[in-house]
Structure formats: structure tokens, C-alpha cells
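Before I ask anything, here is the structure I am working with.
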Amino acid sequence: MRDIDQPSQVGCSIDLSANGKQHGHMMVPHSRNESAWGTLMVPIASVKNGDGPVMLVTAGNHGDEYEGQLAVLKLLNRLSADGFKGQLIAIPALNLLAQRADTRVSPQDNGNMNRAFPGHPRGTVTQRVAHFVWQQLMPRADIVVDLHSGGHSLNFVPSAVMHELPDKELQAKTEAALKAFGAPVALQLVELDAVGMLDTAAEEMGKLFISTELGGAAMVTPETVGVADRGLDNLLKHFGMIEGAPSGHQSRMMTTPDGAYTMSHHAGLYEPLVELGEEVKAGQEIARVHFLEDGGHAPVAYTAPISGLLYCRRVQGWCGRGDTLALVAQDL
Amino acid sequence: MRDIDQPSQVGCSIDLSANGKQHGHMMVPHSRNESAWGTLMVPIASVKNGDGPVMLVTAGNHGDEYEGQLAVLKLLNRLSADGFKGQLIAIPALNLLAQRADTRVSPQDNGNMNRAFPGHPRGTVTQRVAHFVWQQLMPRADIVVDLHSGGHSLNFVPSAVMHELPDKELQAKTEAALKAFGAPVALQLVELDAVGMLDTAAEEMGKLFISTELGGAAMVTPETVGVADRGLDNLLKHFGMIEGAPSGHQSRMMTTPDGAYTMSHHAGLYEPLVELGEEVKAGQEIARVHFLEDGGHAPVAYTAPISGLLYCRRVQGWCGRGDTLALVAQDL
Amino acid sequence: MRDIDQPSQVGCSIDLSANGKQHGHMMVPHSRNESAWGTLMVPIASVKNGDGPVMLVTAGNHGDEYEGQLAVLKLLNRLSADGFKGQLIAIPALNLLAQRADTRVSPQDNGNMNRAFPGHPRGTVTQRVAHFVWQQLMPRADIVVDLHSGGHSLNFVPSAVMHELPDKELQAKTEAALKAFGAPVALQLVELDAVGMLDTAAEEMGKLFISTELGGAAMVTPETVGVADRGLDNLLKHFGMIEGAPSGHQSRMMTTPDGAYTMSHHAGLYEPLVELGEEVKAGQEIARVHFLEDGGHAPVAYTAPISGLLYCRRVQGWCGRGDTLALVAQDL
Amino acid sequence: MRDIDQPSQVGCSIDLSANGKQHGHMMVPHSRNESAWGTLMVPIASVKNGDGPVMLVTAGNHGDEYEGQLAVLKLLNRLSADGFKGQLIAIPALNLLAQRADTRVSPQDNGNMNRAFPGHPRGTVTQRVAHFVWQQLMPRADIVVDLHSGGHSLNFVPSAVMHELPDKELQAKTEAALKAFGAPVALQLVELDAVGMLDTAAEEMGKLFISTELGGAAMVTPETVGVADRGLDNLLKHFGMIEGAPSGHQSRMMTTPDGAYTMSHHAGLYEPLVELGEEVKAGQEIARVHFLEDGGHAPVAYTAPISGLLYCRRVQGWCGRGDTLALVAQDL
Amino acid sequence: MRDIDQPSQVGCSIDLSANGKQHGHMMVPHSRNESAWGTLMVPIASVKNGDGPVMLVTAGNHGDEYEGQLAVLKLLNRLSADGFKGQLIAIPALNLLAQRADTRVSPQDNGNMNRAFPGHPRGTVTQRVAHFVWQQLMPRADIVVDLHSGGHSLNFVPSAVMHELPDKELQAKTEAALKAFGAPVALQLVELDAVGMLDTAAEEMGKLFISTELGGAAMVTPETVGVADRGLDNLLKHFGMIEGAPSGHQSRMMTTPDGAYTMSHHAGLYEPLVELGEEVKAGQEIARVHFLEDGGHAPVAYTAPISGLLYCRRVQGWCGRGDTLALVAQDL
Amino acid sequence: MRDIDQPSQVGCSIDLSANGKQHGHMMVPHSRNESAWGTLMVPIASVKNGDGPVMLVTAGNHGDEYEGQLAVLKLLNRLSADGFKGQLIAIPALNLLAQRADTRVSPQDNGNMNRAFPGHPRGTVTQRVAHFVWQQLMPRADIVVDLHSGGHSLNFVPSAVMHELPDKELQAKTEAALKAFGAPVALQLVELDAVGMLDTAAEEMGKLFISTELGGAAMVTPETVGVADRGLDNLLKHFGMIEGAPSGHQSRMMTTPDGAYTMSHHAGLYEPLVELGEEVKAGQEIARVHFLEDGGHAPVAYTAPISGLLYCRRVQGWCGRGDTLALVAQDL
């Protein structure tokens, strides 16, 4: 038996086959110095009413991405099992230890949840959570939605994201759902390195999978939470799980071609010259890096590698060598 | 002799009485484990041409406030001593150890530079820098400008700031300079607890003093850097140090009355309901705190204590007990 | 004006002169990297009904001493202002940052609250809290009770503690209250080094002051919490603040003479040979230190310096050079 | 060849096949920043006299469990090879780096030794030690004894522990040895998750295996060390390795059924209502969690899930979500 | 496909098949809290002119070994592609994160680069770098040179090092190159535990491999850098890659037999009695360990296990149990 | 009463007025998380025989300077009270917490012992030790010797050091003692910033004071320890405290004029071009700083500011901005 087919030791305090609205926990054994017989209790909720589509929604895959976490909590508050059709399984903070620390990866095991799939039933805490989702939750789902945003270091034009898929029928269905989500931008991507992602795990199981990038800077705004709130409602409507028709933005369909990234080759103070969401021309100066401790040293300019929309930028007022400064998207 | 009147042990590698543009360092003895005879070299520059007003401009008083740091570097790059009148003394990162660490206070001595004035000639690194500024630089200046923004935890509508002063002639001159700065908002404040601030040290010496709050979130935008760039130019023009007339915004004159702060009494996820810079009504719901680990617990609402402009908000997507969530300003 | 006579910047969210039961906070400005305009909110409560004695009860002076913290919370839950006489001001965790961290001293400023009195209005967080208590709360009180126990490193026979006082009338009153408390042991002490203690601050103001040592090991037992619960009730009864007569133990009156301490001169594994609360004879072997990494090295024996009750012992299974292993008390 | 069958790189400074009493070290290569060619020297001792049973005794598997460590050191001090029969191989602190740090797991590699078996010959330090024990020591032994206690977070009624085994003859022999140990309680368990334990490694090799839980709170008492001392003597007598007949308690034979655990769902101050070792009834209130920072919030009660003996409780005066508060044992 | 045969995700910013002198980076994806889309940029350079031998030179395999790092930078500065024959691929700091931290192993993943080969394409940063070198660079090379020195904890007589090889023709060629290097000592070794070393990876590919030990104490001297400078020149001349004949020392051919190491069994202050590079006799006292905190305790003496040259000694003025104090080499 | 005239709370376990050789401790109260009633036990020894000069010798003032620590321990081992005249009071590691950590300053309070004099009786641990030495030990002494070397970051030509003194008679006596010490170099200095030094405290009390710089790099060599051993013997002989005449080097009398320091203005790899102890000419290139991460960037050269002996150099193979690279001494 493969290691990952060993049964998970993670418990679940709610009955996922029962109707109604339930709040509970994934219970991850976590023996540590302060608690020999401790358990990490990762919140999970289910809203179920009879048969119908099953949607698994996760947020807090990276702990410092808050739009999705808020949107999941708000959705659970406003949903009732009455009138619902099918099942929503929702996890507001997948990497709970990172969430508590306001960090991308878990401070306990340095684990990046979105590189940990399909996880391991006897691995680190991060790997055990990933494995439980992969082994026990994903197989129940028809649709998997993983809500990301930029975290501390990146800021995005709010967008829903899908991948180009080998199964063209699934791709068409995913594209329809993507449009239904109704974010300002809808991005279609080819991931260069998708190993270990929740995305890949879901797609390899044949699930309809949608991700998002909903803002960033480890903060939220009324606008970015609004995109998330409406997007989740729209998806539930799109799949007939709640009543009504999707509303909101006509999403701009875009993609990010090879060579769309601008990476800093210098460490210094980062000055963006273009606001997020503006159009740029190839060769246009979009950022400068200044050198605070070298008096009189001229700044270095960075230019847009292609024309398009400034879809993503670095957040902090400083950058190190190798940090991504900008990403340009083009209409599909 | 009072302790603070002992001579500073901090050296200065440039001749502050010489004409021309010079880049150098404040040299702060810093014996430590890695370097028994080490020196912290804090950048300082001077642009001088004959007689005229002397302006001391500091930024990076808090290490994670980047607008001012960039504006100072950019100003030094574009200024030349030719055609200049008087002297600009500029320090782009007053708390250099905090600046390197992307933190508000120094990781070396936990020092908040803006609570360290007038400093101490034999104290911590932070106190020694403050003392050198107070003892050696401030007395040379006619005008002192300290550029702040919100740092990691706060975000502001870009603004210039002055205090109500007992000397009404100085207050009038300061107000004129404040308007010349040309930020969207010009704030007139009574500080409740001003002990240890650079502001207080400058004002007590009878200097014309101006501060700013130029954005925040430890990031910069083209807009917020632009306010800083134009503001510094405007001040130099206002005092006749470079040619031309101040341009830009007609600043909105505002203040923040007692009771304008909203403080969280809960730890949780922080959802702002109003965008920075929008008008709010007293009693209007402006934020909610959600409880991620208490499944099904309803969020708590926070309302605006007064009507006015949402001048400042918390950045992060979470808050702890006692964190400031919002500050409302009113027209003067 | 002396520094300590400057007004405290700490706010109080409840009206200490109002009748009724109120829960609120001492609000300590705490600007830091994560929250530029943050406030530490230290819980405080008042139960008041008209005139009568004012008793200030503090616990969590050291963060890892839990009996008192629980006793204060339980007392506040069962008290009502009806039928109460006078005022109880209660602070369940004086050094809140240490309490959150399960440590003796504050991890924020390394501050030992019980060496910080009378504090400083512009000092560290620990000093500001101490100063507020000293300047704003203690002067209101007739009786001050500070509830300690052993914390992580010490374990005590549950006891109430007073000092020998120069004012013999106050000493007699204090002794009466000490007996009323009703702990198994009542200790009368001469402190060798009392500078900075809350005890000293209260006694120097002429307050009736009682402290405790209620167990330890950073844990609580039903017995040790029970001593605390009953002791607080007994004090309130003794001073006529609630109805009824003190009950419980006839306390054994003891003291710890010079030379009653046993200190380790070796680092190793600590094996106690006598249970806490047993009688020992001078010269009796009471502990051994074993040397795990020196195979075959014989352990070193420690003997009781005087005869008496084993009143206090080290908790951990190891010791370092200079750690206190035991303290013997003798009947007064 | 499987990885774990590669030869260990750990050396042993004593000759395990030689007669007599020897003290030496397991020598674990440990290249690190401070010592490029460093070695971790884990103490090991052998007492051997001709043929007879071979008993491997380990303690300090978790670094903060001290009863077993002391008992092994004391046993080695009082044993002599003369009159001994067979061989005792003893390791007083299996996870030496955790032992030095007073922690459960190793601060060097975060390794929980009791989840690391059978280890890896080229893994972390923790894995290398586990592998040496598994590959080089366990195969020599007829009997394996691993001495645990509660460490910093748990406290137990002193007990010896065995597992239900598929080999009923081995189970009967183990039960006889368990009774001979003579602890107040003798527990027979089905482990839910035994992967990686030293227990499992020994049992899978067909060894007679006994474990213990001998107290806790990272401290020792004369009583708990006494149970360990007498238990080791009793086992040596039971197997005829030293002269004499086992003495001491008639152990109470117990087990912990499913559902015997009480886990906290709240973070707060933990108040136990029942002393360790007392009888409880199903539904009886056994603990409360209090909320220090929520003034006036009532505590939450926890009740015993089954009737029986309060066999184990949490130590610290606080608890987090998911921490085990209590475990109830029932007579077999 | 084996894991290690999966393609590396590490990019290379220079074209290794192009002629000329190029400076660029190995680009290692490094997503982390501060930079979600960050890249570690490890410097790499190529000097190529047509066909000829390909030599891969690495330094900074351990971050705190500086002689090789300086020698590589200096070589790259003085080499030009004109007149060069073949190709030099040079990496001045293989474990760049350790180099930045002045440590042996990486502070990011605790990775010892010289135990990480052949690495893993999806492992830690250290493993990814090792894997790229193994998969993409080593196969291009005819000769591999890895420049070590003692780092913080060891100091060596400057020496070049090779292993005894099963392929005697390769051994003869390696020995010729070793002599050409011209260090004061040329060491021929049998490694006891060579798994994971760059050495082993190169030798298993059939490459001519040479290592060095060029001094130590995390410092450099004009002498030790000189040995490295001349050694690299000599190797390039030996293989006809630059003009001229090797010059310098007639190396003393030595080896370190079994039992040549002296390891401390005590923790204390370390006093060496023999200077590095002096001759010692078996049984001669070469070091003492003193006990600072045990007043009056006599020091412990350590003697040379064999006669020969004191080839290596511990650096620091203190030692722990298990630290290597000295290594004696003998003429081959 | 001045704060520093309050009595020290530090105890001394030996009777400093008794004849004979005694080893004991300065006992510094050190309440902390791990030990509420803990004591730091700093070793101190006395060798006394009747009347005669009293010499106080301290080492480990900076924790990572080992020559003096070893020399004091060795001296105490070889001295006997018989035949001694007067008293030696010796402290091998003044900053014991720094000594344990192999650091310059104390990790407990970040205290630089040599900037802490005259200390404070209720200050940090470092201040309390300094105060005890100043208040209780120094007044007993006629001669004070404080043994320094370079620690982790500096390396010196072994030397004894004195200051130019206002009292010319004391200066002459000190110079005689300095020559008697017999180090290769004898340095006469004017300290620029002597506040807080043990030196200053001793000189202000009118004591004959000698310091040393005996090597460095946090290591020792037989040569540097030999200079210390012989130097202490020579001083004892010089003052008639043991029999015999000083022997050893005719010290070269030197000084370090203003402008003798070379400080790095760049962060990079540090390559010294001159060995310690060599003669340099003003303007001669003595070091280069190389830039590892800027491929192809030429190194920066540093030249000797004056002609003389390269008396001191930086140790590490890297440097930061503001680090001292070299110090040149000239003959007096």
C-alpha cells in the first residue's frame, strides 16, 4: 500500500453525511512540548440539504490571505440548510497555524500547504491536513474552490483563476463557472510548476476546480471582500445550490504569457511607477529600485516586459534580489 | 552638566558648513558581538549654497514607513547646489536598524525613535542617534520636516500635519507652510502624549515643524510617493530655497477631535466596511470583527464614533484587543 | 516634580467611584511593530456598594502563578454588589503579557512586575502598569492583597504571608487578617531585599498588606484553589465587606529564619528526598543531584540547614548552579 | 537493501559483549555550525555477568520526563556485576538533546523520539539514535523497558503499561512482568496510533515490552521515583537477574476505554475540580475553563465522560483548544 | 522515473554553451513569507573559449569557509576568455544562504550542502541547489574542484585533498593534479562516511575530483588565500586551460590513518599546547581542557594518538563533549 | 545617597580577609522564568598570605576573549599561599553569562561589561556584577589587571596596554609594570571614550591599572596563552608577590595615533593583504573588499592610513559597513 493510502489519523467532529448546518473541527494529533496529547482543531463546516452538487471551499491555504477567510465565514453566517441544495463543505483557514501567525507558511513545520498535496498521513501537521483534505474531503466533492489572495508580499487585481486542462469538456464547464464567479478579471493559466498544489490534486481527481487571487497586502478592503462574497454566491447559484442567477462583473478574460514577470536583480527600496490595474506598454518604465545606503547612487529602472494590464505587483516598499516586482496580464 | 548636554560620540563624515552637495554618514559607535569596534553608518546628506533658510528633513523615523524615505532619496538625486539657496540637511532613514529590518522600532534595542528624543549621548543606539539630531542638527535648522506614514499596521489619507502651538506667530507660519505642502489633507492636532517625539524636540527649540502621514501598509503607491515628492518641492519653493511656486492640492484643513478613535475590544478577523477616504456618519457601521475558530459565532460590529472622513484605518486582516481600527477626521 | 509624580498615561475604562459591579480594562499605550497605535488592555473589575473598606486584590503579578488568577475570577463571578459593603478592586493578571506567555516576567520588556514598583509613567509596559497601580489604585485602598504562588520553578505549602512592620499597630491588624485568611501556614517574614516589590509600595503607603504563596509548579489543584477561594472570602468577611465569619484552617504561624535556604552548587538532575510539607531535621539528607552525562559519577547530597517544615521546594527534575532547592520554615 | 538496513554510523564506546559494569556513549556524528566534526555522546551503560536474560532499559525518550532518568542512574549506581545474572543495557536519556533542553522533543531537529522508530541510519540526530537502538541494541534484548512519565503537560497516577498483543503467550508473560513491576496501577492498552513508537518496534521484534507513566509535571517526587526504583528492582528479580522476590503494590489492573479522554474546546485558565487518583462518576463536573480577558464571562464546565479513576490530568494552569484535560481509567 | 531524474526547476541565467566570460545566476524558486514569488539567485560564472577541458569549481559549499570564495572571485576577475582553452564554470558560494549568515549550514532549512548530494528537484532549497549541480553542471565537467577550509570550528594546514579511488587510472590522474595544485600538504584519504558529499557525486560520475582544506577559523590570511589563488592557477595550467607551468610548493604527501582524531570527552575551556603544523609524538600532551566554574578542579590532558603533523585543530577557546580537538597526519 | 552607594546585594562565598587559597563565588540574585529564586554564581578566588600588595585580576570581561580566562585558571592552579606575599583576587570570567554563550556581551541583558562601570546595585545582572567589583573589590586592590583579547571579531599582536595618566607618578609606576609584563608590544593609549570602562573606574580610584590585548579570533594559541601566563607571573614578581625576576620579551613601546584606524565603507568579503604583525607604509594597500553577489564587480582597495605595525585586524572573512578592518601602531 502506498504511504498516502494509509488511513488518515485526522478526525472530524461533524458528520459529513448529515443534513443541516454543522460547525466542527478537523482534529489533527499534535504532540508537542506544551501539550503531549494535544490536538490541532482546524474549523470545518457543512451545510447540506439532500442530494445535489457537493462543493468544497477552502481559504487560508496561505495563512496571510484574508479575503477568502472572511468570505467563507460570512457565507456560513448567511446560509441556512433550508432551501439549500446539495452540500457545501467549507474550511475557512486550511493552514490554521500559519493563519494564527499571520504568515504564508506554518511556523510550526515551515510547511507551504499549497506545495504539500497530496500530503502524508504520518507527516508534519501541514502534510496531515493536506492528506485529510485529499483523502477524505476531495473525493466527496464535485466542485473544489480554493480562495487565495496576495498575502504580505503581493497585490492582485481581484480575479478568479483556472488552468488549461487536458479534458476539454471539464475545461468548458470550468470556464463557465469562472465567468459566473464574476471577478473583474478571469485568468486562464498554464502553471509551470504545479506539483504539490491543491489545484493539481483536485484536477487530477477530475474535479471542477477554481482558484482566486482576490487582492493582497495581508489586508482586505470592502471591494476585495465584496468580490469574494459575490463570487461565492454566484458559484452556488451557478450550480443551482441556492436560488438566483449570478450577477456582477462581466469578467475580463486574460492570461499571463511566458515572460510576463518582472523580477528584481537588486536589493533596495522599491518604487512602483504604475498603479495596480493600469495598462502598461512593453518597455515602459514600471518600477525603480533605490539604494538608501549608497549616497548619490542613481536608482535602477525596470520596464514592462510585455504590454497589458498590471495584474500583480510587489507590496513592500523594499525588495531583495530575486523578488517578483510585477506581473502583466494580457487579454485572452 | 545635564547628561544630555554631554557631547555626542556620534561623528559626522561630511562638513555641514561647506557648500555643495555632499553624501556621508552619521557614525554611531556600535560595539557588538560580531564587531567589537563596529560603527553604525546612518546616511546623511547636505545640499548647501550660501546663506538662506536651513531645512532638516528626516524620514525612516519608523523603519517601515517608506514614502518619505523614497521622497528624500529622489529629492537628493534631483537637487543640485547650483541655484539652491540655503541648506537642506537630509536623513533618509533615521532609525536605520529598523529600516533594514522592515520594522517600526529597532530590533537591536527595541527603540521607538519617535519616543527617544532628546536622546542620550551614552544610551542605546536609538538614543544616540536621537541625541545627535537634537544636539548637533536641529539647532542648525530653521525648518524641521519629519516624514511619516502608516507603516505595517496603519493606512492614512495622505496628509501633512502640524500641532496647535502656544506661539501663535509660529503657528501662523507653520500653517502657511502646511498649506504649501499641498497634501490632500492638512491636519491640525493636539497631541495627547508628545513626550519623546522629534516633533516636541523641534517645537521646543522654536523651529517651524511639519510632519506627515503619507499612506501606509509598509508599501508605497505612485500616488503616495507623488504627494511626498511634490510636498518637499513645495516646501523648498515656499521658503525660497528653490525657484518656483508651490503647486498641487488645495489641502482640506481638518482635525481629529477627542473620541475620534475606534479601538477593537476583540481579537479576530478584521473586516472594514468603509474605504479609506470615504465619509462616514456617526453610528454608521464601519467594521466587523469575525471569529474564525468559534464556528457559528456572529461577528461584532463597530460604528463610527463621530461623522467625518475615514482618515486612517488598520491595515492587517486581523486585529487584537486594543488595536486601533479607525480614526475619523473632521473639517476644521 | 519627580518623574513618578508625572500623571500616568494609562487609562481606565471603568468608573472606580461608581457603585455596582463593573468589568473593564486598564488601557496601556503599547505602540509596537504590529500595531503602531496599540493598547494593552489589562482586565480590572470593581464591586462597590456605598462606603466601607476598599480592598485592592491583585494576582498574576508573576504570569505563571495561577491560583490567584483563578480565585479572583471566581470571586468576581460569585460576588454581587447587593449586600456588599465598601469596594473590591480586582486585577486578575497584573502582568498580562507574562500571563499570556505562561512566564514569570514579561517577554515584551523582560520586566519582573514585583521588582518594578513604584514604576514609571513613561517607562516600559511593566513599569507603566506598576505606576498606575501605585499612583491611581493603591491610594484608594485600605487593604492590599497580592496573590502569589510558586510559578514554574517553586512549590509551596499553601500559605498567607505578611512582613514584620515598624508600625506595631498595623502589624497587629495585619496579623489578625493573616489568621483570618485561614491558609494552612501563615508566614511572618523579614524580606532581605524588598526594593521594587508591590509589598513595599503598599506598606510604605501605610496600607494593610497581605501576600500569599498558594502552591506552584505553574499548575493548580483543587486544594490550592480552595485555599485561595476561602482565603479571599475570609478576608472580605473579616473586614465586614460580605456577611459571615471566616472559616477554615487554624493557620500554623511560622517564619523562615536566616540560613533556611538550600541552594544547589551543582547542575544536574534534582531528586528530592522529602515531600513538601514534611518535617525535616537539621542535617537530614533532603535532596540529591545526579550527573547524567558523567557515567558512574556518584550523586551529591544536600542536607537540611535547620529543623522545621519543608515549606518550599524546587519543581523541575533538574537544577542549575545557584538554584534554590528547598526552604525550611519554623514555628514562630 | 532497505534504507533502514544500511549500517548505523553511530559508534558505541563500550563492548556490549564484555562482562562487568561499563559506562560509555553512543557516538552520533553531529556536524553543525559550532562543530564541523562534532559528535553527540549519548550515555549508555552495561552491567553483564555471563549468560542470562538481556534487558534493555531506556528513559528520557521524551526529554522532560525525569522519573525514569533518575531511576536508571540510581540503578546503575547500586548494581554491581557480581551476583548479577545476564545483562542490563541502560540508556538514561535517549533523546539527550531534548533532555538538556527540558523539552519533550529535540530542539535540534524537532524530533519526537517515540515517533521516530525504526529510525534512519542517515537521517536526523533523533532518527539516527532511534535507528541504532533498533538495529544494534534491541536485537540483543529479551526484555525492553521504556520509562515514561507525563512531562511538562501531563500528570499520571504512577503506573506500568502494556499493550494487548496478538501473541497471547507473550501477552501472558508480559502481564506477569507488569504485575511484578508493582506500580499502583497496571494499565493494559490498545494504542490507536502506534506507528513510530519504540513500543511497536520492540513488540514487532517479539520482545517482552513494558512501558510506564510514572508521574509528570516535569518534576519528580520521592513517591514517583520510589515507584520507578522499586519497579526496576522488581523486574530484575522477576527475571532472575538479581536475587530476591518482587515487592510492593498489588497493582490495580485497569484500562482506558474509548471515549475516556476529555479534550478542551476552549482556550483559557484551566481549573481542575478533582484530584488525580480520585474516583469520578460519568457526568460529574471535573474541570472548568475560565476566561481571564473577557470580564464577567462565565466559565465552561467539563464533565467526566465515563466513571472510573482520574488517571491523568493536564498540568498547566491554562489550556488551549484541543489540549487533553483528563483521562479516566476503569478496572479491567 | 526516479525522483532525482525529474527535471530541475532551477533556472540558469547564462548560456553555458556560449563562448566568452559571463556572470549570472542559478535561479532557485524560493516561496516564503516575505516573498510569495521569490527566487534565490546563486551567482554562477562561465569562462569559455572553444573546446577543451571543462572544469567546475565550487566554493562556499559550507558558508563560513572563505578562502575558496575569495579565490574564485579573484580568479574570475583576472581571467579573460581570450587565450583561455576549454571552459571554467565557477560558483563562488554554493550554499548562498549559509554564506550570507556566516554559518556552515543553511539557516533556512538547516541544510548541510555537503551531505545533500545528489539532491532533490522538489526538496529544500539546499537540496534543489545540490540537485541542479548534480544534474545540470557536473555532467558537463571533466574536472570538479570543491574548495573547503575549516570554517568557524576547525583550522587546517593548507592542503589539497583526494580520495583513494577504485579506478586506478583516475587515481593516478587525480594524484598528478593534486601535486600540481601545490599546497603545502597533499592529503590522500579514505572517507569513512561519504554518502551525500559533492565529492562522492563527482567521483561516481567518473570525474577527476579534487577538494581542499585551506585554513579556517572563518577567517582568511594572505597566506591561505595565496595557496588557493596559486592552486587554481596551477590546476588550469596543469590541464592546459591557461598557459604556463604549475609553480609553488612541492606538496608533502600525507594521509590521516584510523585513530588520528582526538575528541574531547569534557566540556570546558580548550587550551592547545601545540601549534598547527608542528610535529607531535604519540602520547605527547597536545591539549588541556580547563573547568572554569569548578574552582580548583585540575585540567584534563589530551595526548596525541599517533606521531605525525598536527594537521588540524579546533578553533574556539572552548569545547563541548564530542568535539574534535585535533587530527594528526602522517606521511604517505 | 547616590544610587551607586547603596549596598550591593551580591554576596561573596569566600572570606576575602582570610589567608590561604580559596575558591568561591560572587552570588548575584538572578530571578528569572526558570528559577524564581535563582542565583548567578560567578567564580572568584583569593590567594592570600599576610600583608603585601593586593592585585585584582579579571578576565572574561568580554565573554569570548579566552587567553586571560585560561591564564587566570592556570595561575590559580600553580600558585600556593605558601611563599606568596600579599593577595591575589582573581575572577576568570567577569561576564559569566557571555562566557557561557561565547559572546562579547551578555545574552541575558545585552550588557557590555566594559561599558557598565561603576554599575548599579539594583540594575541588570551585568550592572550588579560591575557594581560589586567597583564597590567591594577594587577598593581592596593596589593593582588592577584586566585581561582582554580580540574576541570573535578582532585579532591583535599580543600586547599589554596602559593609558596616559594625569598623575605622572602613577604613570611611571604603571609603565614600569607594563614593561615587566613582557608582552611583544606595550601600548600607551589615550582612550577617546572611556566612560563605563573598568579601566576608568580603576584609574579614578587611583589604582595602578594594566590591561592587555592578547590575540583574538575567540581562539587561543600556545603563543598567546604563553604571553598571558608569563605576563601574570612577571607582574607578581615585579610587585614582589612571588619570588623571582620578570623575564621574557623586551616589549616594543608603541602607541596608536589618531587616524590609525581603517574602517570599511562596504559590506562584502574581506581579504587582508598583510599579515598581522607586519610593517606597513602609509598608502600601502592592506585589504580588499570583494562583492560576491555582483558578478564581475571589481573589489575595493583599502590602504594604510599611516606607516607602522599592523597591530590589529578584523577576523572574519566578511565585513559590514562601519566595521574596523585594521589598526596600525607606531613606536612611541
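Per-chain numbering from 1; labels A, B, C, D, E and F assigned in written order.
Everything that follows uses one rule, which is that a contact is a pair of C-beta atoms (placed from the backbone, for glycine too) under 8 Å apart; a residue touches a chain by one contact, two chains touch by 3 or more.
Bear in mind that the values here come from a model prediction, so they are computed numbers and not experimental data.
**Q** To reach chain F from chain A by way of touching chains, what is the minimum number of steps?
**A** So the least number of steps between the two chains is 2.
**Q** Taking a step as a move to a touching chain, how many steps at least join chain D to chain E?
**A** So the least number of steps between the two chains is 1.
**Q** Applying the touch definition from the top, give me the chains sitting in contact with each of chain B and chain E.
**A** A, F
**Q** So what angle, to the nearest 5 degrees, turns chain D so that its CA atoms land on those of chain F?
**A** Rotation angle, to the nearest 5: 180 degrees.
**Q** Using C-alpha centroids, which chain lies at the maximum separation from chain B?
**A** The most distant chain relative to chain B turns out to be D.
**Q** Compared with chain A, which chain's mean CA position is the farthest off?
**A** Relative to chain A, the chain whose C-alpha centre sits farthest away is F.
**Q** From the C-alpha centre of chain B to that of chain F, how far is it in Å?
**A** 43
**Q** Centre to centre, by mean C-alpha position, how many angstrom separate chain A and chain B?
**A** Centre separation, chain A to chain B: 35 Å.
**Q** Rounded to a whole Å, what is the gap between the Cα centroids of chain C and chain E?
**A** Whole-Å distance between the two chain centres: 58.
**Q** Could you pull out the residues of chain D that touch at least 2 other chains?
**A** In chain D, the residues touching two or more other chains are 41, 64, 293, 316, 321.
**Q** Which two-chain combinations touch?
**A** A-B, A-D, A-E, B-C, B-F, C-D, C-F, D-E, E-F
**Q** Spell out the residues on chain F that touch chain C in their complex, using ranges where they run on.
**A** Residue list for chain F touching chain C: 9, 27, 29-41, 109, 122.
**Q** For chain E, which residues are in contact with chain F within the complex?
**A** The touching residues are 21, 23-25, 41, 43, 45, 64, 66-67, 69-70, 73-74, 76-77, 92-93, 96, 99, 102, 155, 217-223, 225, 269-275, 290-293, 295-296, 298-299, 315-318.
**Q** What residues on chain E touch chain D, complex-wise?
**A** 62, 64, 103-105, 110, 112, 115, 150-154, 193, 195-196, 261, 263, 265, 316, 320-324
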